[in-house]
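Both complexes below contain subunit A, partnered by subunit B and then by subunit C.
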Partner chain A sequence: MFLQLLINGLIAGSIYALISSGFSIIYTTNKFVHFAHGSTATVAAYFLYWTFSGLGIPIYITFPLTIFVAALFGFLIHLVIYLPLKKRKTSSVILLIASIGIMIFCDNLMQLLFGANVKILSIFPHGRGIEFLGAYITPIQIAILIIVLILFVGLWTFSKYSRLGKIMRAVADNPELAKTTGINSVRIQHWSFVIGSAIAGLAGILIALEHNIEPSMGTHLMIQGFTAAVIGGVTSLPGSIVGAYVLGLVENFGIWWLPSGYKSAIAFVLLLAFLLVRPQGIFGINKGARE
Partner chain B sequence: MPLLEIKNLHAGYGELKVLTDINFELEKGKMSVLMGPNGAGKSTLLKSIFNITKITSGNIYFEHENITKLPAYKLIGKGISYVPQGKINFGILSVRDNLLMGIHRIKDANTVEKKLEEIYTQFPILKEKQKEYAFSLSGGQQQMLAIGRALMSSPKLLLMDEPSLGLSPKLVKEMFQHIKNIRDNFGTTILVVEHNLKSIMDIADEGYILVQGGVIAHDLCCNLKKSDAMKKVFVGEFD
Partner chain C sequence: MPKKLGIMIAGLALFLLIGGGCSRTDAPTTNTSGATETPAVKDTSPIKLGWLGPLTGDVSSVGTANREGTELAVKEINDAGGINGRKVEVVYEDGACDSKTASNAGNKLINVEKVTAIVGGLCSGETLANTTVAEENKVVMVAYGSTAPSLTTAGDYIFRVVPSDSYQGKYAANFVYSTLGKKKVAVLYAKTDYTEGIAQVFIDEYKKLGGEVVLTDTFLQTDRDLKTQLTKVKNSEAEALYFPTYTEAAVVGFKQMKELGLSISIIGPEGYADPKIVAAEGTHDTMYTAPVSPENESFNNKFMAATKRTDVPIYTTHAYDATKILLETIKKVGTDKEMIKNELYNVKNYQGVSGEITFDKNGDLATANYEIMVIKNNKSEKYSAQ
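Here is the complex of A and B:
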């Protein structure tokens, strides 16, 4: 039982981390809550469903194409909706409201185009899974764990050592100063949407394989991704990933004692507890007095 | 030949008009200081040159090219660097990465390393602390880092907004020595806003006194020191 819950927790954590990490990248460079981030995963999942099940395009084309479409979707949202609002110097609250609008629009558009019923992607048939010390894990779940791990090592290396990664951290830390050092902040914000949304696209693919596709999937995920980011420290990329695993594990171990219907309640209790006790999250840096 | 020329400049923030009809020239290789009471528009003038305020009319020329409408990131390429006031470093980046941000458009590793060494020679403490987070530095070190970053792009014109702010008298002296070295060793033209008038006047070449958004006096520092306008600034008559 323990091992099964551990595996389930890690898989849930991996999926949450795919949402929270992209969300964190976008939040830190843009300083507003892009709530429609989850919808990018929904759009990606439906795009995959349409191209694979509808048009019959093979997966080695549809998988990368889906990630590309997700990145493009995020970029266009920033270019067409957020950027004109930012140019009018609107507050982050207005941007948040705009993002909720986009989220509702996307969820309903997917429902209009594909219907409200659950879609199943039968790319890899779900088997019973492999038995491992009394616990079961499916090949797709193993793939999720490995892909997510590789992605996060890559993301961490990118953020810490690459030129663009450092510039993104600089813009995240102090956008006004970034401007005075000759950094084109808008370009960097575009990049944050492209990278964050590409990760959401990957999330859409993996969730479509592991679970089912439905119009509101992204919104539910966004709530968990947001909670995970707050727990880990929303301004820290590693923090948002650790937060996702903490959330996944707490939710799954929680149902050892509580009925599984309380899973979301556990997430919210954890969110509130962190907001009250450690609002900067596990990894949020407290810079102290020297600024 | 003037490096920078400002002609009939009017600027401010949104509806708020701060600068009215500013005219002045900066000579190549000289250090000029902007003085005046709080709210006179000294910082706004620096920001206007760097195009981070709203310029309502007038023109700014750099090496005879009209740069009034160029965005800040293009001005760096032209050879202008700006050290702002307040939060002057990227706290969550290392000291080294902060310096690299000043030259982020240049990809050639040799050029970058050479430039880094140049800055480390000027400010040895930055080399010692190159791997530490910028937010952990003291006030004086923070200022050195900000100036170091501005110098990474080898600017022809360096704009500095109160580099002595929050520093102890000993550190102020040290900071001004660094600024003097930048002019003397690199031949950089410097425009600095300062409140530490006595110390800055000893090293600067020319001074401008700004009151209520307009230049009321301009002269060589040695002449300006004895002027009536300067006395008024000292006793706070314009405040």
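Here is the complex of A and C:
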């Protein structure tokens, strides 16, 4: 039982991490809450459904294509909606409201295009999970765990050692100072949207395989992803991933004793506790950003 | 930092507002004007009916078929010349199987569209969200799929052509305890009016029979990860699981049961007849209770010909009957709302396509018959003990 709950918590945490890490990348360089980030995953999942189930394109083409489309989608949102608003020196509250508008629009657009019914992607045959010391785990779930691990290491290396990663951290730390050293901060913000949204695209694929596809999936994911990012420290990439695992584990172990109806309540109590006691999160620092 | 914090909390608050759609509305807004139409003599204006059911969201696959049931009934009446020379018009509103959406839809039907009576809703939450406004405005509602026991005492203007789950939950408990011989069960249900009501009836009856409920747990209808709840079920000593939920959570639930290797008997309510559940993975050998519906070949053929469907989804015959009973009552007594209500209580042994309909003093069906269905290779068939 303990091991099964641990696995359940880790899988839930990995799914939250896929959302929270991209969200965190966008947040650090842009300094506003991009709630429509979950919708990027929804759009990606529906795109995959349309190309794979609708047009019958094989997965080795649709998977990379989906990630590309998600990145493009994020880039376009930034270019068409956020950037003009930022140029008018709009406050981050207005940007937040705009992002909620985009989110509601996307959810409803997907519902209009594909209907409200849950869509099931039957790419891999589902079946009984693999038994491991009395606990069960399916190949897709193992894949999710491994992919998130690779992603985590990759992102950390990227932000710590690559040129672009370093510049991103510089912009995150102090956009004005970065500008004076000749860094084009708008270009970096574009890049953060592209990378963050590409991760959301990957999230869309994996979640479509694990939880099926429906128009409101992005909104629900975003609540958990956002909570995870705040717990871990929204300005810290490793923090947002650790926060996701903390949330996944606490939720799943919490309902071991508590009635399961309290699952969301546990998440929100944790969020409020962090906001009150340690608003910068586990890994966050008060100012700027870490790797 | 305080500014950023403020933004986050503001964002969260907004989210809770949006996410609140899944919670139950206890106090639907009501219009207190309560004006009744004066029945016009020799009126040739159309008679306006309201229809309420899920056209989007969970269960919309059933709701859209039920709408076609009503459409067929109305078309037949209109083709035969309408009611006393008046055509029938229906305003269709989406209740989304959600109390808040349904409350808005019901208020619109009653206060804006000023309908004579309402066919609906399908989900118990949809109907329950509108009982107050319907009572206050004296608008009859004939629900065609709402089975929650709490609807029995919801008001004089609330009727339904489906039996209350107080019958169905008991029937399921007896089946599990006596026929299957399972003396220990787990109950896992979604927190909605319908599933909570039927789960409670099941638990009470099962305990009365002498069985032991080893685990009771819940989840939100919007949850898509039931792995931990199912892990708890698996580690309890339950020999069977009673699992009342609406479609979308059921589909992931069955998949996760299979993944976790949960192999005990699964029993559910009539909502499992949704083709989406029957066709889902991991549903093999799942059983569910369903109201006995007389095989009505002529209706089935008529419906399938009119809609180009290949089957008649659950509650379609009930939606058809609810519409027909209302219209025949209006034909008898006119559009006076109080007279419609009074006349409906006189409906006895009405031969509908969903079965014989007699309303009792609460507007419930006076009798109910159930049978057990079992899903085999993604097809529903009648249960027979091996």
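Note that the second predicted complex is superposed on the first by the 285 of 291 C-alpha atoms of A that agree within 3 Å, B and C clash if a C-alpha of one lies under 4 Å from a C-alpha of the other, contacts with A are read in each partner's own complex, and residues count from 1 in each chain.
Here is the rule we go by: contacts are C-beta pairs under 8 Å (C-beta built on N, C-alpha and C of every residue); 3 or more make two chains touch, one makes a residue touch a chain.
Here the structure is a predicted model, which means the values were calculated and not measured.
Asker: Could you look at A:Ile100 and tell me whether it touches subunit B, subunit C, both or neither (first, second, both, neither)?
Answerer: So A:Ile100 only meets subunit C here.
Asker: So, A:Ile11: does it touch subunit B (first), subunit C (second), both, or neither?
Answerer: Only subunit C is touched by A:Ile11; subunit B is not.
Asker: Classify the contacts of A:Arg163 with the two partner chains as first (subunit B alone), second (subunit C alone), both, or neither.
Answerer: first
Asker: In the overlaid three-chain picture, which partner chain does A:Thr181 touch, first (subunit B) or second (subunit C), both, or neither?
Answerer: first
Asker: Subunit B or subunit C: which reaches more residues on subunit A?
Answerer: Partner touching more subunit A residues in the overlay: C.
Asker: Check the residue A:Ser53 against both partner chains and state whether it touches subunit B (first), subunit C (second), both, or neither.
Answerer: A:Ser53: touches no partner chain.
Asker: Please output the residues of subunit B touching subunit A within their complex, sorted ascending.
Answerer: Those residues of subunit B that touch subunit A are 50, 52, 71-73, 75-77, 82, 84, 87-93, 97, 100-102, 104-105, 107, 135-139, 142, 149, 153.
Asker: Could you list, by residue number, the parts of subunit C that touch subunit A in their complex?
Answerer: Subunit C reaches subunit A through residues 1, 5, 7-12, 14-15, 18-19, 56-57, 60-61, 191, 217-220, 222-225, 227-229, 231-232, 234-235, 247-248, 251-252, 255, 258-261, 276, 280-282.
Asker: Inside the complex, what are the residues of subunit A that reach subunit C?
Answerer: 1, 4-5, 8-9, 11-12, 32-33, 35, 92-93, 96, 100, 104, 111, 115-118, 120, 126-129, 131, 136, 138, 141, 211-212, 214, 216-217, 219-220, 222-223, 226, 230, 234, 251-252, 255-256, 259-261, 263-264, 271, 275, 279-280, 286
Asker: Which part of subunit A faces subunit B closely enough to touch in the complex?
Answerer: 163, 166-167, 169-170, 172-174, 176-184, 285, 287-288, 290-291
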